[in-house]
Structure formats: C-alpha cells, structure tokens
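Look for chain A in each of the two complexes below; its partner is chain B in the first and chain C in the second.
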Partner chain A sequence: MFEKKNLGSGFSATTILIITAVLIFVSAQSYLEMRTPDPDVDRVVPANGFARKKLSDYFDGLKETPADTDVFIQQGEEPGGTVLILGGTHANEPASTLAAVLFLENTRINQGRMIVVPFANIMGRTHTYPQDGHPQIYHIKKEGSKSRIFRFGARVTNPVHQWPNPDIYIHPGSGQTMAGVERSNLNRAHPGRPDGCITEKLAYGFLKLIQKEKVDLAIDLHEASPEYPVVNAMVAHERAMELAAIVTMELETQNISIRLEPSPKQLHGLTHREWGDHTDALAVLLETANPAMGRLRGRTDEELILTGTDKAYRKAFDLGQLYIPYEDGTEPIAERVARHVAVVKELAFNLEMVREGKGIDLEGVPDYDKIVDLGVGAFLAD
Partner chain B sequence: MIISWIYWVIVVLVILLVVRCLYEEKSLREQLVAAMVLIPLVLRALFIK
Partner chain C sequence: MEWFWPEGMYTIVMVGVFAIASFVFKQPIAVALTIAAVTGALISGNGVPIDHLVEGSFGYLDTILIIICAMIFMKTLQHVGAMEAVAAWVTRKYRHRPFLLTMSITVFVMFPGMITGSSTAAVITAGAIVAPILLKLSVPPVKTAAAIAMAAIYGMAAPPVNIPAMIIGGGIDMPYVGFGIPLLVCTVPLAIFTGMLLMYPDLKRIAKSGKSENGGLENELKKMAHVPLTPRLLLPIFVLLALLGGERAFPSVSPSFGMPLAFLIAAGSGLLTGKKWNPYLASKEAVRASLPVSGILVGVGMFIQIMTLTGVRGFFVVSAISLPAWALYLGIATSMPVFGAVSAYGSATVLGVPFLLALLGRSEIIVGSALSLIAGLGDLMPPTALAGLFAAQVVGVENYFKVLKACIIPALVTALWGITIILGAQFF
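Up next, the complex of A and B:
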C-alpha cells in the first residue's frame, strides 16, 4: 500500500529515525537495568554466622572481573565435613538460586561447615535469551504486601562479557566437542582453566574453592524442562554414588521420589564429572522441573515461573511426553525449592555414613512439607 | 580482543549504510523496515545487547 503512493521522503526518514532513537533508548534502559539492578533485586540476608568472601579470594584471576561472585561460609562449633551448595549456575533456573538463598538465610551449623554460593554465574543474570520472552525479574511473595525480587537471567554468560563463541566448542580438558554456545555455559566449562575465557576462569575459581576449603560434598543445583529425562533427579559421580543411593532411599520413605543417575564418564565439563575427577569432593547435581524453560511452553510470564502452570505442558503430559507427574497441571516454585532443600539436607545428614568424622549437623532449615505449605517467601528474610 | 573490534567496525558500517538507505528509500514501508533493522544494530554497537 505504501509503495504505490511512495510516501517516503526526507521528512519521514527523519521522523522515523527520531522514533527509532527513542525506542533504542527505552530498550537500552530496560537491558541495562539487568546489569545494575535496584539494590532490592537479588538481595540476600545471610543468617548469623556466615562470613562473606569473594571467589577471587580463591583465584586471583577473577578479581575485578564481572565473574567474581559472593561466597558465604559458616563454621560450626564442632569439627566435621564441609558442604558446598552452588545455586545459580544457570540464571534461568530459579529454584536453584532460591534453594541456595534459603540455606543462606536460615541455616545454623552445629557441626562441620557450609559454603553457599547463591549466584554462581552472575554474568548470566545480566541478560535474558533473545526471543524467549522471559521476564527480567520475578517476585517471591511474603506476608502482607512484601516480596523479595530476583533476576531471571539466561543459561549462559552475557555475550557482552564473552564474545564471540566458535561454531564448535572443544572442551579444553577432554577434547570433547560441543555446540559453540556451550563455551559460555558454566556447567560445560569445568574444571576450567586459569588462562581461558571468562566462563572457564569462573569454573577454575570453583575448582580452587573446593580444593582450598577441602570440600567433602559439593552440590550443584539446577532445573530443566519437564520433557527432559533428567528431572526430579540426582546425578552422582561414581565416588558419590553410595551416598546418593542412601539419600534416594531415605527420600522415598518421606514420599519424595527422585531418580538416581550415574554421571556419564564421557560427558565432560559438568560439575558432577569434573569436580569428582579433579577434587576429593563427592560431587552431585540436582535437577527439578521448570516449565518456564521448556520448548513446549505457551505464554511466558512471571506466573509461569512461579506456578509452572501451562496448558501445553498439561497436554504433553496427557500424551506421555513428560518425565514428571503433572496431573494437576502445575509445578510450583515452592515444591521445586522444597525438593532441592530436602535432598541437600539428606545428603549433608548422611555424609558421615560414607566419610567418617565428616558429619554435618545443621538446624533452622525448614522441611519439605513446610516449604510447600507456606511457600518459599515464608522462609526468606524481610 | 581484536575480533570484537573488527565486529564493532562492521556493525557501525552497516548502521551507516542502513541510515543512508533510510534516506534514499522512497517507500515508507521500506523506511520502516530499515528503522527496525537499526534497533538491534545500534544496541550491539553500544555493547548493550
């Protein structure tokens, strides 16, 4: 219609250019907000006893880089084992971060030590995936009108911090080939290298943390699409398999069903493989199911992140395509966080069974049922 | 890294060409298309997205 009348002119070009500049300005503000969020966003309130350190305290190469992240350590009165809880490896997996924050804000350690990293890859928290339509933040409701706000980021490091990626990524330690984008994925970069790209340096920082703090049990928290087979699951390195099997049975007695998967020996770059191979820690990775990440999802908004309610996923469940029970068509964040918390607690409580003298005794962390009943917000600080 | 700056120069060059196209184009629709192309390019050139 426009071509016939040839309405384009110098005046229209200038007008369009001005409107475009305004749109660019507004978009830029929105994107930049994720890099320098309001102080209330991603705020954590560590429980008494936690000391704050930085990952760069363990690997100098991270100092003054966008990858440097907070590390919180609490030492119990009695000696015992050391557990590392890593949340936020992938910033689009909120149950991972929230479970770590819940431990950080509630735990009192009586025996042993707890190390919590709530935002493992903060470079993934400064952007969302193009065309995925994810909201930039989500609210965890507390009593009354209060809420806590967290960023919903992306699986990989922001390209602003690491670019370009090759077509094929060759994992440095093993020579394994992967899709190029995996070079920006923290959970394909382990054990990392001190002179690699920023994501590999970050992975190397965690290796040094585990080695220097003599971590006994290292737990990496994740979420995945409901149509992915490894959900509501625990992936364990072969040295951690005995502990993982004990915990799986313990959880069955609490009516928390969890798949136990051995860490594939030929699948490199992931925490459960590389931490197990390169450190003395017993390495496990936990997965819950998050419909907001899946390819089958429909409307993508904060509601989907928090409730997991999606018509398309309900249909997929009816067709037998999901790996989670989804009869009621929901997968609420409280249930996903509760699952992570319950598994981590059982792993910590049973560590002494496989490592004599390395027991961990903690209190203050709510049970599965309480989190499901009262919601995550009930256990986060104001 | 040198490759990032080569990329940046290419992006800026394409932005200039698109702006020139915007002014030379006689069709309003094509001008609008050029404007839409400009948005991601400028955000990239500014290292925002």
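Up next, the complex of A and C:
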C-alpha cells in the first residue's frame, strides 16, 4: 500500500504544497476579516446617558485579553433597582445580541440603573463553527438602502484563544462532568474562576460585575433550536421564580406565550443557576427559537438567519418534531427580538413587586407589536 | 416535488459526482469527496467557497490528531517488538486450546482499533502480525482476512475510543461519556460469534490433529519472539493506561493531557523499554499509515459543510426522520453500511445524527452506540473498505470480493444485533 510506486514525486509534492499555501492564504484572509472587522461591523450607538466601561474594570485578569468586552451603564435620576441585560453569550444567537443593542440604543432610565453587555463573549464572534456553514455577517435593514451589520459567530470561544480542550470538562466548583468542548462555552463556565481558562475568566468577570454593581435582576438572552424543548421559554432560578411567574401571566395578557422552566439544581455552569447561587441577583435566562442554529435546517444563509423561513423545519413541524408554532414556516428575527424585549421590559417593570424600593422605570424602548411591524432596523441608530 | 427540489437534485448530483470520481476515474476517496463538495457548492450558486471548504475540514482536526498520535503509539509497540512478543506468547500458551486462542487473537486484533478508533490501524498493526500465525495454523486465507477485518471493525466500535459514536453524539450535543458499557454490549458478543464462526473450526481441527506443533509455526513464533516478553517491554501500554485511565478515574486530580499528547507520551516511554528502535522511522511510518484515513476525514468535513450550506443535510435529515418505523430500521441497517463506502465516519456524520434524532426518547447513549456499530460496517464496503481491503492485502488475497463474501454472515448478524439494541434502548 505504501510501495514506492504509489508515492508521489518531488514535483507533485511541491505542486500540492504550493496549491495548499494558496488555499491557506485565501481562506485565512476570510477568517481574519472576522477578527479585525470593518468599523461598521458590530458598531453600537449607545443612547444618551450610557457610560462605557470595560469588564476588566471589574476583574483585572481580563485586561488586555481577547475576552475583555464593553459594559454600558445608565443611571436614572431616581434611585431604584439595577438590571443587567447580557446579550451575545453565544454569537450564533443573533436575537440575543440585537435585543441588547436595541435596549442600548433606545433606553432612557428614569428610575434605577440599566447595565447592558451586547457582546458577552466576543471571542465567539471571531469565528464560525466548522460544518455549520454559517455566513460571517448579517445585515439588519434600515430605511432606504441603509443597514446595520453584525457578525454571526459561534457558540464557543474561538480555538485561537483556547485550544485544546480536555476530553471531559469538569465544571470547577460543582465537579459536574461535561463534554470537553463545553469548556469553551461561556454558559457552562459560570461562576468562573480567576485562574481558569480564558472562558472561565470571562465568566468570573461577570460574577464580579454583578457583585460590585449590586445587580438586582440579571437577564441572560439566548436562542435555541426549534426542536429543543426549552424554547420560547424563561428559565428562572428559584429566587426569581415569583417574578418570572408574574411576568409570564402579564405576557399572556399581551398574547405572548412563554414557557416557564425552573432552573435545574443539578445543572451547573449556566447563568440562571450560578448567578442565582453566588450573587444576590434574581437570575433568569430567556430563549427564543432560531432555525439557523438547528440540526434540521435546510439551506444555511443570511436569509435563514433573518426570516427563519425553512421548508425542512416546516416539514419537521408537520412531523411533530418542533416545540414552537411554525404553521407559517417562518420565525423572523423581528419577532424573536421583540419577544426578548417584551419579556425584559416586563421583568424590569415588575421588579418592584418582589424587591421593595428596587423599581425600574424606563422609556424609549418600543413594544412588541411595533418591533414586529416595523422591523428591528427601525429602532437602531444610523 | 416541492420537497425534492432543489435539495434532492443537489443530493443526487453530489453523490453521483463522488461515485464517478471514485469508481470511474479511480480518484482517492478524499479527492472524490472534495470534487463532489465543490460541485455541490457550484450548482447551488455558492461558487467555490474556499473558506467553507477549509472550515469544514477543520471539523475533524482533533480526530485526525488522535488518529495520527495513536498510530505513532501503535508503531512504537511494533518497533520495540511488543506486539510480536505478545502475539507469540498468546499463540504458544493457547495453541492447544482453540477457544481461548480464538478469543485471544480476536482481542489482539481489536486492541489497536479500541485505542485508535480506526479499523485500518487495527488491520495494519495487529492484523499484519496475526495473519502469518493464522495461515500457519491452516486457517484459509479468505477466512483469515475476514476474521481480521471483522475484529478490526469491532475494535473500532469498542471502547474507549469510538470515533463514529463521538461524531454521532457531537451531532446532538451529547458528550462522549457513559458509552463504555453500551459499546462493550454492542461489540463483545459479536466478536465472540465472529471468531467462533471464522477461526474456531479450523483452529479446533488443527489442535485435535496435533498439527499445531508443526515446525513452520514454531519457526514463525521464534522469529516473532526474538524480543522476550517482559513487563518493561509493555511500558508504553502501562503509561497509556495510567494517563487515559487516570484522567477518567480521577478527573479532579489527574492532569488532562488530551488523547493526542497521552499517546505521544506513551510512545515516548518506548525509549525506556531497553530496545533499540528508531522513533523517527516509527513516526514516519505512522504518519504515512494515517494519511488515507486523515485525508478521508478532511474530505468528509468539506462534504458535510457543503451539505449544510446547500440544505442537503436538512433534506436528508428530515427525510430520514419522516420514514415510518419499519422503514427507519431497515434504512439504518442498510443505508449506514452502504454509505460507509465513503467512510464509516462519513456514514456516522451524515446518517447517524439524523437517525439518532429520529429515535429521540430512547436512551440516546445506547442508540448512539448501536448506530456507531452499524456505521462501522461501512469499512467493509468497496471502494474504500478501509478494514476489508487492507485485511485482504495483509493476508495476500487478491480478490477482495471473496473476503467480502466471507464477511456477509457476520455483517448481517452485526446489523441485526445493532437494530435489536436500538429496539431495546426504549427500556432504559
């Protein structure tokens, strides 16, 4: 099998090496674009009143690392509670980032404080995941020919920053075992540790942020596959369950149906468990349905990210495989962002009911119907 | 028709181009897969997306590293003489006890597959060593090749390393944890059955006739046992067991080297066995031996990325899960081995994941284990036949189809056993 006659010549080896070098050069240009994007990509325009800080202001260990990310804080005139909105834990869940950006660019806080982190794991925004076939960016259309551009990244930290992972990841603190790749997943690394891998350090940074800013309500925004049981759902820590139940009922009156799930006590590393256990904050996690990240999806492109229109999912819905209503075969980004925004607003408005003197009053953020009707782009700055 | 068009057409074109490149133009499987992937991208209007093609191939980077490093470990064992010494010792000890000899040879051939997750590794290391022994013991060449090929496939499916199971589990975010016992249940009964079918009758006949004392065999064993079997000679195996076993048994205290580094450290300990060998030569042989499998994984990665990009994957997956129950089981038992003509890994990726999704609600670990076993049969399917063809080569059988014929009964029993396990998974 490895006889000399089967081996190539020096000429063929050289030719193949040259072709390989060209392919590496061409593909590397494309990948590097995600690491040093155009200034217009992932640009945010904070509303008046937001002050920009860095996560490393709360945990020194993140300074000058690829994990350090922007933290925006707005203080209202009246004292009240503090809400944290975390977007972009997983960079392949765009409604999470867009909802956080929408709050960042529209909110005026009258009472209490709002902290917004639109890109929680920026190390997930610098690459796409092999065999997922995702585009690197997507456009949110605005009036006329204008649009805002965001990166569509991966669920996990770029291996350039953290590789290799062990075969089995043992969650620090709980000792829970997970697949090795989960070590790169921010939402399995909470509460983090100061001397851990870069993803664990990032998680630790958020723990310190919540503790130092005395956050009352911590909301982690996500998306999930339509075939995943926890979708269009709110997962709440037991201390946040009362607030979550109030909000679920409020949303029912607005015809926004949401599944309420208790945070499993044995499932560690996730925000709704660890923030609830290690801080005073009421911790909740929100999930909308994103066909572009599902296993059953058909053609994978920007259109799928934005419209959620997919005939493979439509057929899967007929087969009873989905956990969302999908009769019309679409799950547009506007609806997913609107859902996140509506739930966050209700959580903030009702905080006073479970924490006296910690009310939050905000304005400027559009309601569900407006976002669905006009699209997300209508509420993003130029 | 609305469901079929255009993704169904893309599927037919991609599979067709692969078949033509492979069968008609005799291109290596990796190259044929690449051509099919590029064609799929072109006809779906994606041009030649170099970034997607390269990115897809990176999906198996870790797997390729494991295979290459594991092969370096196996070559180290060969070069220090440990493999031959063990084979000679086993044969001498059990040549009058055909059942134990059959089982020992089966386990011996399975071992490299269990460690590397590659049937090819098992055939070209352990298979090449036991082939002359079996031939000297008068087992017919075709049966010898079939026995080696089947044992190598069971070794690939057996724990601790089962790459198809890792691939299938990865498809639904299921960690490769807790697979040990299900994989043993999947493989051990079949390994015993196949050994009894293909080797035992001849070994028993020879043991009864007393011909196992023949001079030819003794000379062969003497040649093989030129290095005495001592605990020191087996040092690399002990080191590997300590590194991999320690990580799994005491994960909180044992350092995690990762499989590739663990294999390299264990191979490095071969320098302490007291035998003279050339690590450079062993590594070079190992990399050469790993290249075909690694190349296929690179090709499969590109193929799958383009399937995802074009919607072929979703078409395939949803078509699979829409099959009625009886057709689903029939589909698993037939399409997975047949698709294995690309490679068992490709079969696990493209078909294993949707079939597992279609069977959600049963024990996913047990179903995933059984699917990985059935996917392993793909390594018998021409044109690649990664286990079968190499087994025929090490035994010297020119017509592979004779070997394939001898594998039919064990392969059918394997598929049936796999389906039985899937049916039983609903009770766990």
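We take it that the second predicted complex is superposed on the first by the 363 of 382 C-alpha atoms of A that agree within 3 Å, B and C clash if a C-alpha of one lies under 4 Å from a C-alpha of the other, contacts with A are read in each partner's own complex, and residues count from 1 in each chain.
In the analysis below, contacts are C-beta pairs under 8 Å (C-beta built on N, C-alpha and C of every residue); 3 or more make two chains touch, one makes a residue touch a chain.
Just so we're clear, the structure is a prediction, and the values are computed from it rather than from any experiment.
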Exercise for the section: Have a look at where A:Met249 lands relative to chain B and chain C in the superposition and call it first, second, both or neither. Expected result: neither
Exercise for the section: Could you say whether A:Gly298 touches chain B, chain C, both of them, or neither, answering first, second, both or neither? Expected result: second
Practice task
Count the residues of chain A touched by chain B and by chain C, then name the partner with the higher count.
Solution key: C
Exercise for the section: Tell me which partner A:Ala312 touches in the superposition: chain B (first), chain C (second), both or neither. Expected result: second
Practice task
Have a look at where A:Leu23 lands relative to chain B and chain C in the superposition and call it first, second, both or neither.
Solution key: both
Practice task
Pick one for A:Pro164: touches chain B only (first), chain C only (second), both, or neither.
Solution key: both
Practice task
Using the superposition on chain A described above, determine whether A:Tyr31 touches chain B (first), chain C (second), both, or neither.
Solution key: both
Problem - First (chain B), second (chain C), both or neither touched by A:Ala179 - result: second
Exercise for the section: Could you pull out which residues of chain A sit against chain B in one structure and against chain C in the other? Expected result: 1-2, 23-24, 27, 31, 130, 164
Completion exercise
Within their complex, chain A touches chain C through residues 1-2, 23-24, 26-27, 30-31, 128, 130-133, 164-168, 170, 175, 177-180, 182, 227, 295-301, 310-313, 315-316, 319, 321
Exercise for the section: In the complex, go through chain B and note every residue touching chain A. Expected result: 3-4, 7, 19, 22-23, 25-32, 34-35, 38-39, 42-43, 46-49
Completion exercise
Given the complex, residues on chain C that touch chain A span 2-3, 7, 44, 50-59, 62, 124, 169-177, 247-248, 251-252, 256, 258-260, 288-289, 301, 304-306, 308-311, 313-315, 317-318, 321-322, 353, 357, 390, 393
Completion exercise
Per the touch rule above, chain A residues touching chain B in the complex are 1-3, 5-10, 12-13, 16-17, 19-20, 23-24, 27-28, 31-32, 127, 130, 160, 163-164
